[in-house]
Every structure is written in C-alpha cells, then in structure tokens.
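First the structure, which I've put down as structure tokens, then a few questions once you've had a look.
Chains: A, B and C, in written order; residue numbering restarts at 1 for each.
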C-alpha cells in the first residue's frame, strides 16, 4: 500500500535541521509537568524530569500503564501544553513555536472530527490549516481517502463514521501535509485486526521513506513488530529505554525454528544440547511454535475473501 | 491557566472598562441628540408595564412593547374603558415619545371618542356630562401639548391641535394659531387655508385682513375651492378692493361636501 | 505537496471561519429563517389594525423583534458551543496540533459565527423589505379607496397619506437598524467567546453570557447613577461603578425603536456605533487570547 506523495520533497520553510543530521526529530529534555489542583484538589505531577530523544527516521514506541504521563508528554511535544520545567523540541525547533508543527502530523487517541463535514471536506480543512490549497489539495485529499479505504465515505458526514473509520480519517489528516514526524496516540485502538495490520504496514512504510514515527499503544505485541526503540514510562518517569531488540532479547536463550525436521534430526539436536550441559546449556522447550490469534484471523479472512472471489467468477 | 495571563487579562478588561465609559457617554449623548436613542425608561413605566415587558423594553424592544400595549389600548377603546385608554396611552407615549401617531390617537380618543361618549351617555346626569366632556377635551389637548414638547416641529400634531380648538373648543383664534404653526412646520397648502378660514370668522379686522392675504396667496397658488373664492369675494366687498384687482370669479354656490372646508385628509366634518 | 508556515495566514482563518459557518448552517439554522418568514407574512397580512401606520409599524416591530432574538440567541448559544465543544470532542487537539496560532483559531471561529449572523440578518432584512413594500402599497390603496368613498380624495389628501405611509414604510434607515442589530450581536459573540475560554462547560458559558447581556442592557442606568445622580450608599456606588466599567453598553445599539419610527441615521452616528462595536470586539478578543494562549488542553 503506497502512501501518495509529491516526489519533490522540499524542506519545510525555515527548518534548521535539514542539513544537520545530528538534530533529533524529537528531543525532550528534563520535562516536568505539574498540574495545579483547583479548589480542594491537590497538585499532581504527571511527568517528572523526563528526557528522551527520537532520531530522524526511526519508529519510537512510548509505552506505560494508564496515567503514567504518556499523553502529557505527547501534548508537551506538540505544544498543546506548557511544561512546568524542561523543554521539548521538534527538529531543533522549540515546541512552543507554532512553526514547529508544520513538520508534525498528529493522530490523537479516539479522534473526533467535525460531524457536519464529510470526509473530503475534513481533509481539505486540515490541509488548509497547513497552508495547502486549491485543486492539488483536493487531489491529495482524495488520494489519502483512497489509501485509508475511505473513498466511498468522501461525501459522508463525519457524524456517520464508525470508530474505525474515524481512526483512518485521523491518520489521513495527519498525513495530509506530508509531515516528517508522525505522532500516533493509540493508532490501532478500536480497530479490527485487518485495519490494525494495515496501520502497522503503513508505519513500516513510513519508516522506509524516512518519516519519523512516535507511537504509543497498549497493544504491546503490535508495537513490538514496528518499533526500533522503546521507552517505558511509569509514574511520570522513564524507567527503561533502548533498542527494542536489545530490550526484549532474552540474552541467555537462543531460538531455532526448523521446518520439516524429522524425529531423528530432533533427537540428534537434543543429544548435542545434552553434551553442552557442562557449560550450563539446557533445552527449555521443544515443540510446535504457536501462531498468534491475530495471524489466524488474518489468514482465515484472506482465505474467505479469496473463496468469495472464486465463487463470483464461477 | 497561568496567573500571569489572568492578571494581564484582568488589566486589559479594566483598562478597556475605564477607557470606554467616557466614550459611551459621548456616543449615547450624540445618539440621543439625533433622536436615535430614547430617554431612559423610568420606574413608573416599569410599574405599569410589568417586569417582562420592562425587560423587553430595556432589551431594545420598546417599539414592540409599545405596539403590544397599543393593541390593549385599542381593545379598551372598543370597550369604552376611557380611563384605561388614557393610562395605556400615557404608557405608550412614554415608551415611544417620538411616534406622532400615538400622541395623535391618544388626543383623538380623549377629545373626540371619550368626550362624545360622556356627552351622550344617558346614565350620567346632564350637569355632569358637560363637565366630563370638557375634561376629556382638555385631556386631548394635554396629550397634544405634551407630544409637541418632544416633537415641536410636527405639522401633524399642530394640525390636530388646531382641529381640537376648532371642533371641540370652538376657538377660532387658538385654532388659527395652531394651524399657522402647523403650516410653518409642514408648509402644506391646506394648513394655510385652514388658518385663513379660522381667521376669517374672527371679529378683529386685522385678523380678517390677514385671512384675506392668505386666501389671496392660496388663490395665486391655484386653489379654486368654492370656499376660498367665496371668502375672497366677501373680503373684496368688505374691504372695498378695487375692481381691477379683484378675482374674476363670481360668488360660488355653497356646497356641504366641499372638501376645501376641512383641515386635512384625516378629518371629517366633525373634525375626526 | 508540502505547505509552508506563515506567521499570519488569512487562509487559515478563513478555513476555520468556513468550517464554523458550515457547521452552524448544517445545524439547520435555516429553519429559523423559514419560521421568521412565516411570522413576518402572518403579522403583515393577518392582523387588522385601525390605521395604516399601525399596521406597518406592527409588521416592523415583530420583524425586528425576531431579528434581534435570532441574532442574540445565535451570538450567545452558537458561540458558547464553539470552543467548549471543540475541547470536549478533542477536535481542538487536531486543529492546534497543526501550525495554527491560537489567536487565529479564535479569530476564525468568531468570523464564521459573524458570517452566519450577518448572512441570516441580510436574508431576514430582504424578506422584511419585500413584505413591507407589498403591504405598504396595499395599505396605501386601501386608504385612498376609503377617502374616495367618502368624497375626500384630493391631491393634497393623497399626498398626505403617501407621506404618512412612506414614513412608516420601506426606507434605507431600516438597513441601518439591521446593521445596528448586527453590531450588538458581534459584541455579544466576542463576549461569549471570551467567557468560553475560561468557562468549564457550554452551559456555564451560556448562563454567564446571558447574565452579561442582561447587565449590558442596564449599563446605561449604572452609568446614569454614577455620573448624574447622587448615590448615598457606598455599596450602591461601588456596584454601579463596577457595572459601568465591566459591562458593555448594549443599549447603545438599540436604535431600532427609533429607526422603525422613520428617524434618519446620519453617517456620523453609524461610524460612532461601529467604532464602539469594534472597540468592544477587539478588546474582548484580546482578553480571550490572553486567557486561551496558554490554556492547558
């Protein structure tokens, strides 16, 4: 699935980072956010001295339990709220500057759009907010609707969109101005496995095209497939951060997946492992690997679609 | 929300508030001088019109409230509730003091409708009828005079005053003065004629000569009504005007339906 | 295709204004215009009143009453819905996550609303003028026929009736009255927008704004007390000072009552009212921006 784009990607006006590869896509430095309580409410520290860095072109996953400060961090990065201490920047530009948002596309959690605007009008509206206009904007909006599978809903008003459709529309509006950074807050929440798979494929495509992605999700297995680096937050602090492969590798275990192995071959392998018992190696588990429920669903759906296609032909 | 911003906002509001008050005064005075804003409503109006209507009147709906009260007054007129008609028209004219027709109608209801009602009422003793008649005619005059304090240049109100003096008070002198004022304000030919007619019946020769001059002016402007011609012929005889200067027409036959007799299009022979 | 960021962009403001206008129109505001038309036609032709002046006056009174009701209701309720609803629905996040300065967001919203109110007033003005013109001619002919039947029809009487009917009939000053109604609505809208930047909900905004509108219609009285009459009590003095300073003088725009009566509206008066209206709108927008610019979303 291709993301429609203009081949001549000029740099955003006034962007300082173009010729400077060292400039991170997102930089959070010592971010602290304290919400002052109103009458009868106590002060609440949502984020404490948080620092993170997202390099250009990588997919960074920010995970943590509910209330750990992920959304607050995202909002601070997007300039939707002001840090109590610390600073955040996008491609070297402070988040406080409105211009910094020219390079960002944001998909909020449970996105909601104006009920009275149809799909096409919504994308044109957001495109205009980013400085786009005219027939080119309309064409781009149609392409994005096609990409997200919403072309039939182009003239349907937002009030008639399902949750999944709203999510896809949200992704389309985040992409309308070809941002260099995508911030996705729970992009697959409420989306069926097929839609979810599509979104994850898109994220991988973004990475291939050099678009930086900052994503949060509770669906950890999905993040595992797409992220390069992960930051884990808890109680407003970063508790672990690093490359995904490094974080989740069980260093002292090795996995071999063999196809069409005979029983004899398996016995030989077990014997080899037994010989290495002196060095501490041992066989933990042997058996058929399990597919995931999601993969099973996808395969079944694809087969059903294929069968239906054949039925139509005959 | 940052305290600094709240303080800034409060300061801007305060500065705006203090700066605007003298400007508001000046603009309000200017608009009142140009008769675009009515004087403030009094508490008396509030008591008479009810809270909802007072609120509506405060909210820029005075004209509508006046129209609604007018409907009530018209119903009272149909039911011959003259005291109620009087009080409601007082209220209406307070709400819209620059509406000529309200003063006009208030005066008409008092000086003609109410006065005639009491004069003809067989339930009332004859001695009292005359007094009530006069009181209501005076009430009509009072409405017109009050209206003229707000609208001193209203030809219509001066003309209606003239009508009341002519048909109700039977004072040609006062009627002539009122019609002349009306003519000065409106410059309508029939008002000049009406002045001349009233002056023509006065005993004083100076008044009669003035009537003659006005009638000649009207004649010169093209008025050929039978009454104009008849009165000119009368004065030509009385003052011994040389034949060469007299108007060529002969004395006309008098007609009861001569529209030239009346002060204007709104009145019939009884002055209504 | 990539856009570029400009510090000030009329296109962004107009995009927001257009979306706001579309939103309000698709909320079936036009139904009100139909109801208005029915009222105007009904009042114009159904109510028999004794004099032609009263007939025409009642038509104008009811029409302008509906105009004022529409504009004030829109100004309060529609404005109160804009920002709080965007915040509640989190549409505001997606908008402000784009390169949109917050003051442009406020400007765009207000402009869209004023476009709706202005457009609605223009349509209602045209309807009123059409009905008034037709009724004016009918009333004139009826009166002349009555004079004719009593043998009182003369050129002079016809001219007088024409004058009387024309004074209460269609005139250019009626449009000035409609513009004054629009100015008042603009002030109320900007006031509502300002309140909505710190209000906790739509209902709170509506209630506060209605209170401010009521106080605004009594602000002249407060000024009257402060400047021209003696107030003995310190609390009375303090209260009248506070109202005179804080509340806008909404009665200043109530020239409709006298415009209905045929009073001319000099251009100087229009400029003064427009200047005051602009001052209120700009002032309240500045305050709204100060309260909104660092509002936590």
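The rule we apply is simple: a residue touches a chain if its C-beta (ideal position, glycine included) is under 8 Å from a C-beta of that chain, and two chains touch if they have at least 3 such contacts.
Note that the coordinates shown come from a computational prediction; the quantities given were computed from them, not determined experimentally.
J.: Counting C-beta pairs in contact, pick out the pair of chains that comes out on top.
T.: Chains B-C share more contact pairs than any other pair.
J.: Indicate, using Cα centroids, the chain positioned nearest the centre of all protein chains shown.
T.: Going by the distance between chain centres and the overall C-alpha centre, it is C.
J.: What is the distance, in whole Å, between the centres of subunit A and subunit C, each centre taken as the mean of its C-alpha atoms?
T.: Taking the average C-alpha coordinate of subunit A and of subunit C, the gap between them is 48 Å.
J.: Can you give the whole-Å distance between the Cα centres of subunit B and subunit C?
T.: Once rounded, the distance between the two centres reads 34 Å.
J.: Per the centroid of Cα atoms for each chain, what is the distance between subunit A and subunit B, given in Å?
T.: 81
J.: If you look at subunit C, which of its residues touch at least two other chains?
T.: Within subunit C, residues 294, 296 contact more than one other chain.
J.: Find every residue in subunit A that makes contact with two or more other chains and list them.
T.: If we look for residues of subunit A contacting two or more partner chains, we find 82.
J.: Of all residues in subunit B, which are in touch with two or more distinct other chains?
T.: 2
J.: What residues of subunit A sit close enough to touch subunit C in their complex?
T.: 6, 9-10, 12-14, 35, 75, 78-82, 98-102, 104, 106, 108, 110-114, 116-117, 121, 125-133, 136-137, 140, 157, 170, 173, 177-178, 183
J.: Flag every residue of subunit B that touches subunit C in the complex, lowest number first.
T.: 1-2, 5-6, 8-9, 12-14, 16-18, 20-21, 23-25, 27-28, 30-31, 34-38, 40, 55, 58-64, 66-67, 70-71, 74, 96, 98-99, 101, 105, 188-190, 257, 259, 262, 264-266, 268
J.: Show which residues of subunit C lie in contact with subunit B when the two form their complex.
T.: Answer in residue numbers: 49-51, 53-54, 57-58, 60-62, 64-65, 68, 147, 150-152, 154, 156-161, 184, 198, 214, 217-221, 223-224, 227, 244-246, 248-261, 263, 265-266, 268-269, 272-273, 276, 279-280, 283, 286-287, 290-291, 293-296.
J.: Which part of subunit C faces subunit A closely enough to touch in the complex?
T.: Listed in rising order, the residues are 1-6, 9, 11-12, 14-16, 18-19, 22-23, 26-27, 89-91, 93-101, 294, 296-297.
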